[in-house]
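Order as written gives the chain letters A, B and C; numbering starts at 1 within each chain.
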Amino acid sequence: MTRNWPHIRHIALALFCAAGAIYIVAPLAIVVLNSFSSTAYNVFPPEGYSLRWYENLAQQGAFLGAAVRSVILATLATAIALVIGTLSAYALVKYRLRGRDIVKAFLMAPVVLPSIVLGVALFIFFVRVGIAYSYPGLLLTHVLVVTPFVIAITAAGFSNFDWSTEEAAMDLGAGPIRTFFRVVLPQIRAGVLTAGLFAWITSFDQVETTLFLVRPGDNTLPIEMFLYLQKWQDPTIAALSSLLILLAVAIVIVMSIAGRNRTPDGLVMQGKETSK
Amino acid sequence: MRQGVEFVSVSKVFGGHVAVNGINFHIPEGSFFSLLGPSGCGKSTTLRMLAGFEDPDQGEIWIGDQRADGVPAYRRPTNMVFQRWALFPHMTVHENVAFGPSVRGARGGELNRQVAEALELVGLGAYGARKPRQLSGGQMQRVALARALVNKPKVLLLDEPLGALDLKLRMQMQIELKRLQESVGATFVYVTHDQSEALTMSDNIAIMSEGSIHQIGSPHEVYDAPKTRFVATFLGNANALPVDVESVAGDTAAVSLKGLRFAASVGAAPTNGKGDIVLRYEAIRIGAAAAAMDVRTKARIREVVFSGSAIDYVLETEQGIELTAQQPHIADEKPHERGALVDIGWQARAARLFPQK
Amino acid sequence: MSVQTLPTDVIAPRSRFWQKLRPWLLLLPAFALMTFLFVLPIGAFLEYSVYSYERGRLVEDFTFKTYLLFLTDPYYHAIIFDTLKMAAITSFVSLIIGYPLAYGLWRCRWPALQRWYGLIIFSPILVSVVVRSYGWSVLLSDQGAVNWTLMKLGAIREPLELVYNLTGVVISLCHVFLPLVVFPIFSSLVRIDPALREAAMDLGAGWWTTFRRVIFPQSLPGVVSALQISFTLALGALVTPAVLGGGRVLVLPLQVYRATSDINWPVASVGGLVLLVMALITVALCNRLLAYSES
């Protein structure tokens, strides 16, 4: 039986989803809009438009320094986490270890813990051990936060992996290490890249875990912004936020081009599902 | 000076389950050897132990005059063709075949020459630039063969390689594999559950069941002179008749079933006066041909089943014994009809006696 | 033809021990990381939880005073209650909003639209929670776009108080959690065999019956997963309540933050342990629910 008009519930759902999209985009859109406002106070609609906040931003060296610090930290943490996480995921997926579920739950534990708890615990521990405010401590903290996601996403990337290709490589004379680099890694490349991207963003956006671990004056970008927001609410922060949103949009565009023949199911962050 | 492949009292246990139970066999160098048996009989495990993917829990494995168990797979002079081919999806056909030689240090022109030679051998010379996903099943099969053979292994292992191909292709590949083996000269060890493959290609077959080898021999030997009930019933189609054993004298026995008394050859002698007779469908003759047989009786035809190249007759003898007989279907010859009473007969040695299950 | 030969140096059988050890060796870096940066710090937490904070100074003597404080002081009771309340409301609202969105994403008939919509839902994750909370503080303020729209439509005469209170926090947190809630539900919906839906319809069930008796039960594992994620994240939320709570939404993470800044580490430790226990209970309960829903 065909209908000429879509059923009422289809229309209702479509409207709801459209409203949902607006809900999702609204705060980001308003931030971008606000960054061009000519007034220091927030008002809708803006009374005038100007670029003064971007100029103001350019003069705030603190933000630039924080941004650079965040980028370097995220990149280093991601690199380390990718190595640790991929090896762990490989070990977990390939071998039928006794107690594999317990091991997996143990490695996923940092995800279950509220970030502030982890941050404070690490801070107290570092003070105790005498390495408070150290860069290695901060770096390793980010590695700790990010590695569970790398493990989960990479492990999921093994789901379609043909293990007989590994045996074939060894049968043809390649030892375990050469097999891993020439046969295993190229096949799970997509999962590793996804994990890396997700890890990088997660590290870049960390706030609660990092609050007490940065040397005062050497803040990462989100913390610099967070502290700024506790004092002032002028649109300078909107200008900075707009740039970050632009970065996010760029990443989305790159991802959509790269994943053109994949359904959203392929984009699902399986990492989130394994916090059980 | 040892030659070929030898397994000495090899056992393998997985969890509590004995997959391979103290098997012994020798494969002459340069022969085509099959491991034949149903799923779970241990044939794949045996092959994998030879390849180096599993280590035996007990026993020794010899390849030539060198001990192989304990040596990792990447150091053995064996190469394997996997069941689902295991081609590297991210590499081209050329790169797949080149993998083995490149690991051993071949480069440039020499490497390309070896690859080209191997691809020519399997008839895929022009396919070097393709990726596995662009190939058909049969073509992938051949790339897997080329990839293994390019390394000139002492022993080529094949793990049910033709299972995923359709019937016609399978039969074609069987002929090609046999031809390849003869021209390359390596020892081929072939694992399958399909008896026609084993029977058509092998120089020797080992029939396995539940971790043990029941019999090793040439195709004719295992088919015509099975040594265990399992071998007799696994190969071909056969009737299994429970009989009373009246006497056993060396290779022959006298048995009776529902009043029909006849002679049979002994596959394995029963000890308690009861046994099973295994009688192949095609061993029973019907009509005029029955007159020349050792054992003769009459039977009524209950069912006629036509399967193309043969006709099966489900019979009930005068004594009430149910049998199935198979005759080749010759066009122009009229098959016997349902309900007809016919003469049937078989040679005494075609009936093999074994202990009851 | 040249044939490979076995290396003569490798005659002894390879030790089974090394074979068994290999996976654990691969896991060693992860274990080391976890031990030094997770297990030990939690230990430090435990240690400081049995110290006390007197007259503005840390007293490192063994005592259960701080635990008692948490258990008896109504101030802390209120904080714990508020935290749970906020987490519950937020989880509930985000599930109510998230389920239809996941359903719509699943039933979308145009693959291009489905992909784009998925990206839209997913994209806020790429933006820092600080930016998102800031955006909501602007959007929901008295002169912000929401109030302006509602007043223009004539729905209200005075601006609604949407910021610096629990409402604003819930709205903003739901926004943060939405992608994390939609995707588990979407995953479990996608896993439903389409033949089941067709079978139900073939047996005469209308849309609502099919949904109620076939689709929804099958999507429950995803719902439970989403519930666990949103609840545990809400328990630990700090930035959003700080930016949008205006000092009125005193959740436990904020308390822990303040205590740490004041070097009142015993309170911070006990508070942190309470949060940890609440999170673990949530995970355990959700695992139970998950097992129940999958049967």
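Going forward, a contact is a pair of C-beta atoms (placed from the backbone, for glycine too) under 8 Å apart; a residue touches a chain by one contact, two chains touch by 3 or more.
Treat the numbers as computed from the prediction; the structure is a model and nothing was measured.
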Chain-chain pair with the highest tally of contacting C-beta pairs: A-C
Farthest chain (mean CA position) relative to chain C: B
Gap in Å, rounded to a whole number, between the CA centres of chain C and chain B: 58
Distance from the mean Cα position of chain C to that of chain A, given in whole angstrom: 14
Interface hub residues of chain B, defined as touching at least two other chains: 72, 75, 151
Contact footprint of chain C on chain A as seen in their complex: 9, 13-14, 16-17, 20-21, 23-28, 30-31, 34, 41-45, 83-85, 87-88, 90-92, 94-95, 97, 103, 106-107, 109-110, 112-118, 120-125, 128, 140-141, 143-144, 147, 151, 201, 204-205, 207-208, 211-212, 221-222, 225-226, 229-230, 233, 237-238, 241, 244-245, 247-249, 251-252, 255-256, 259, 263-265, 267-269, 272-273, 275-276
Parts of chain C lying in touch with chain A, wherever the complex brings them together: 22-24, 26-27, 29-30, 33-34, 36-38, 40-45, 47-48, 97, 100-101, 103-105, 107, 111, 114-139, 141, 143-145, 147-148, 172, 175, 178, 180, 183-184, 186-187, 190, 207, 225, 228-229, 232-233, 235-236, 238-239, 242-243, 253, 256-257, 260, 265, 268-269, 272, 275-276, 279-280, 283, 286-287, 290
Interfacial residue positions of chain B with respect to chain A in the complex: 51-53, 72-75, 78-80, 82-84, 86-90, 99-100, 103-104, 147-148, 151
Contact footprint of chain B on chain A as seen in their complex: 162, 164-165, 167-175, 178-179, 182-183, 186-187
